[in-house]
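This is the structure I have questions about; it appears just below.
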């Protein structure tokens, strides 16, 4: 038995040390890493030459640098759009982009992704966190390793990031959703929230924002009966919605600030031809079938920002951080390519850190859903 | 009364009446397993309506030969003729279709299914693909009645005793309208009167023109029931003889290939003081108020019908199961045994009845099997001293004369007799041992090995161990034991000493009342394990 | 022996405790009654319909799992198979490769059957322990589902007419919803299969005594293969079903639900060592789980406590079963005259 | 028919050099070298420093591998470990936030794990008829469920003061404490399983628990001990997980049980019990870890990595089976040709 262990250990050390020697001789450049990755990753990472050609065209402020984006989970179109936007922007600027989807939608899985990125000596990491605090250790390690760390879509705590790229001011989202609820309910009545997982940082932030907004007198007739959690699973979301309906017979509005939850709820309501109406945050491509003001559509209108743009802004922020244009302090400003409200400004966030706000949430209604459903 | 009129009721195409005199004939059968030649040019023939005994030591190839006939194995060489026509079975189904049915040593039943399903497995009564439960239950019950069985066809197989399960197997054979029925050691698990009942059934079958191949280690079976006997030895064909014309000594010589002088060597040992005393031991549902004692150097045997509670008593004494009341004394001091390890600590060692299931770890080397109970004593600072372990196991295995290539040879590759020796060695290795309880020590053991085991018992007695033997075999009981306790229905119905004991007395005592089945007891023991 | 005491001698209570199905039915009825008292809207036609519809997937798959467990095996890859087939169909609709609902179902079932067949070969021919083989395929099929999805979902809009299937009741003669109808059909088919066909009985035979089955000429390997194939086939069907029911195909569909399926079977009295269990048991087991999941929010138990309650009930049911069996054995022993 | 002499001829050591080189563990060692070399080739960043830095994330799971190997050797299984990790991580986080000193927090973590394990053991040894699979399935759901209740609607907790746990994540040179601890436990468990009476009794129970019981092995006591130890080890795993995640949530430890079982089985430990050696499990664990790290560094799609692992697992079991079948056929033919 001990013999086997000794075999194992000696072998292991031998292999790694051998590795070490070679490691020192070969220069580690990340684009090389990307290109060795085979077809599996070619779908995700830029193939090197394309990037460099793009770089030649542009003023190439990111040439030779590697930028990584870590999404919340694989197999989710919203995250994919985000990543696409990020990639476009980076490649336009001539940098190399690494898109990393964690194995599962957990902070645990994201930790190993970050660790791997540190090994690859990327220049910046832009991450949509699955848990606000769980990533602190690894992200701080990354920053110590000289990697610029920013978050987008869903933030980490202030100590584990330099800046947070916020899709829309948490307050604005809360405000917009509350007004929607007020408007759809006709000013009074019971309403409920259908959220994603109970530990999703951004969800909880928006829910808090809504609650604070609700303190205002004009919402006094609204009565929030329950916050249900659908865990971003269609089945659980469906069950939860049905439970809400049967529990609160005179429920008027459900607000689902999650792309999975809202489509599940929309289906339930529409199938039942229920009088309960729905609003929240959802992907046009998923929700097109449900949006309409008439009786047989369950969702009069909903909100979202453009995930592609969010990704792009994330990319420009990363570049700005890497080039030292910004340090993540409030007051810094930077150019974000051809984006609408460029230049962007770093402002103080509620949690004591800093953030960059993409803009106000965008409203999708029957008038414009048709054109957007094909976009994202 | 005619067994077949039962089956006629079922609409299944009746097979044409057989004219050929030789129902079954095999020539030059050779079967090879990885590295081993299990059958070497064996020949055999079976006449219509005869009972043909197949004798031979364990490992002689009897079971393999049967499996060839029933199509489970496919012989590399040789032909088989069925009713004069050349036949070759691709699988058991072909054999069944050809009217060959086998009742195996360990009933190959489905414990979770009902008797009906067991009887009709693979030849269910179907109406366009749909199983007809009513008809099947009725027919199954009819067969059971023919065999005057004492249980219903809707009972779960797992709840029946071995004897009852065998009856089901035979009913199955009849239900398949088998013209050739193979009984593989049917009496091994049966007591005298259960065997008698089986004999009657076989005779009934004979009258119907059914041919029976009968495998057994008991000469009394052969002489009682068989017309001819074929002997195998070391996977070779030795010969076929008229039972009426061959003496048991000849038989033994042909089977063992050598002379065995006195099968039962009972040495005159001086009997010492009392070692084990059991007082008013009871276990709800199994046995009640059992008291007995054993003295040093004494061989005491427990006998009675299967289900009389003999095994259960011994298991309770050794802590396999808990007795509900009663006291156990070892050398005058009361002991409390909660589990086998306690019993071993005190010096009581049980050689379980089913050595394959409870006695040995078949996948292990025989050496390791021997040392399993004494590992702690063999280890220094918590680490097992492997060389020492191998020395010890080798010593004791040789002491009982185990025939094996090495102590690393897996127990599964040994014959029944040698396996039993390993179990004995395992007991001997425990130096604390004072009392050794052997449950059916010669069950499924061939003649040669039997006498060796008797030798060992004699020696053990000589060394002053107190020996308890549970057995159903009259000859060995009468020959080997100093005193005999007879049990029936969970109670000790009598105590006889070597001089006064006779077969008649024992039978009388063991049938003084009828007792419960034993299967649940076994099950519980397993559950506790 | 208890089995030999005639049935009529036993009291009704004994007969109920003796039959697993009966006692489970009792539990279910009591459960429903209690919930009904707490919240009267529970036993409404629509609500029951919802329960059946949302749990159709679990209920159907527990049929396949029943067969697998009966042979003494286990299959933890089913939800991955489900995701793979469901996702494929979803994508086919999304990219307008197919339009017809029927074709969608056929493809899903075919894929499921193929997955099951592969497992069947590995287990029955390759002699790999079922738990290991299916654990491997759990990763493999789930991974494939993700690759096929390629970070896309098939939403209601993309699926188009396929989603209507779960709404209409064309199969149920306009009364019973299609999904529920399919569930019922599956149960009828399997009830017949297991009770009245040779194949069904040989499944029991293998689980009860493998060697005996081999000796008495049952084609063990073939039956085992078929069992896993059937399991996969049902998983494929459920893939299509869950896509229509939730009108969305996502690669992480019903992640980790395989344990619920196994739990349903075990609660239903299916032995994990094989040979024991019935279609009725599977039905009741999955129904009890479904009712609990549905009822907890209604009776005001915080949905956070749902899992705890579920787990406790699983443990309680299996332990209770052991205890009652022991008690019956003891009473039988005491009835014996010595 | 092989020659059976009257006396026993003890044919020397069974585990001779030959059997060592033909052993599964040796094959695994080779595979390990191959994998290291492969990763080295595909990723320039696969350096000792990086590997050691990325390892702790995975090493924690090895605490589950060791006892799981014991359980599998006994022919049992425990699928509740992942949930035990979740529960004891949660509790120790609460304890830490309550301001208790870190040693106490660690002890609490271990204690919670131990208690969960003991509950498993208690149920399994009191109701021996129940298969471990279903019992641990039940407790799996319950333990995670309790964690969910404790965590409340937020569903997650994070350490207020991370300094204590930070200390646990410390390093000696490039080697994290965790690494040494894992090696320590690896040796300890390996020795126990291979060299001690207790270890032998594990194999005995797994091979034939009846015979083991009749031979004086206290089967149920052994099972209870092993399941309890498993719980405690899960607690240890939880503590170190917390030291990297600075918190816990309802998904903590998801699927750890499957990883542990996969490692053990890939290491040649049969789920049927009685077969395999812990060394195999340990080597295979390092193989899997290195493969994950290496493929991760070339940014391979995580799903493809999972597929690869799945295929590896199945082939690892399939290949020996098939080859043994073929061998059997060959030897048979040999005999045929000899005569």
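Should a chain be cited, it is by its letter among A, B, C and D, assigned in written order, with residues numbered from 1 in that chain.
Methods note: contacts are C-beta pairs under 8 Å (C-beta built on N, C-alpha and C of every residue); 3 or more make two chains touch, one makes a residue touch a chain.
Treat the numbers as computed from the prediction; the structure is a model and nothing was measured.
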Touching chain B and also chain C, the following chains: D
B-D compared against A-D, more contacting pairs: A-D
Chain located farthest away, centre of chain A as origin (C-alpha): B
Cα-centroid distance, chain A relative to chain B, in whole angstrom: 72
Geometric centre distance via CA averages, chain D-chain B, whole Å: 42
Centre-to-centre distance between chain C and chain A (centres being mean Cα positions), rounded to whole Å: 36
Multi-chain contact residues (two or more partners), chain C: 146, 304
Chain B, residues touching no fewer than two other chains: none
Multi-chain contact sites of chain A, meaning residues that touch two or more partners: 43, 74, 101, 105, 198, 229
Touching pairs - complete list by chain label: A-C, A-D, B-C, B-D, C-D
Chain D to chain A touching residues, read off their complex: 20, 25-26, 29, 32-33, 36-37, 39-40, 42-54, 57-58, 151, 153-156, 158-159, 162, 166, 169, 183, 186-187, 190-191, 193-195, 241, 243-247, 249-252, 254-255, 277-280, 282-283, 286, 292-293, 296-306
Complex interface listing, chain B residues touching chain C: 70-72, 91-93, 96, 102, 104, 108-113, 117, 121-122, 124, 126, 129-131, 151-152, 155-156, 159, 284-288, 489-491, 515-517, 520, 524
In the complex with chain D, residue positions of chain A that touch it: 1-5, 7-9, 11-20, 22-23, 26-28, 32-34, 36-38, 40-41, 43-45, 74, 98-109, 111-113, 115-116, 118-121, 131-134, 136-138, 157, 197-199, 204, 227, 229
In the complex, chain D residues that touch chain C: 77, 123, 127, 129-131, 133-135, 137-146, 148-149, 152-153, 258, 261-262, 265, 270-272, 301, 303-304, 306-307, 309-311, 313-314, 317-318, 321-322, 325
Touching residues (chain side chain C, partner chain A) in the complex: 39, 41, 47, 50, 54, 146, 149-153, 155-158, 163, 167, 242, 245-248, 250-255, 293-294, 297-298, 303-304
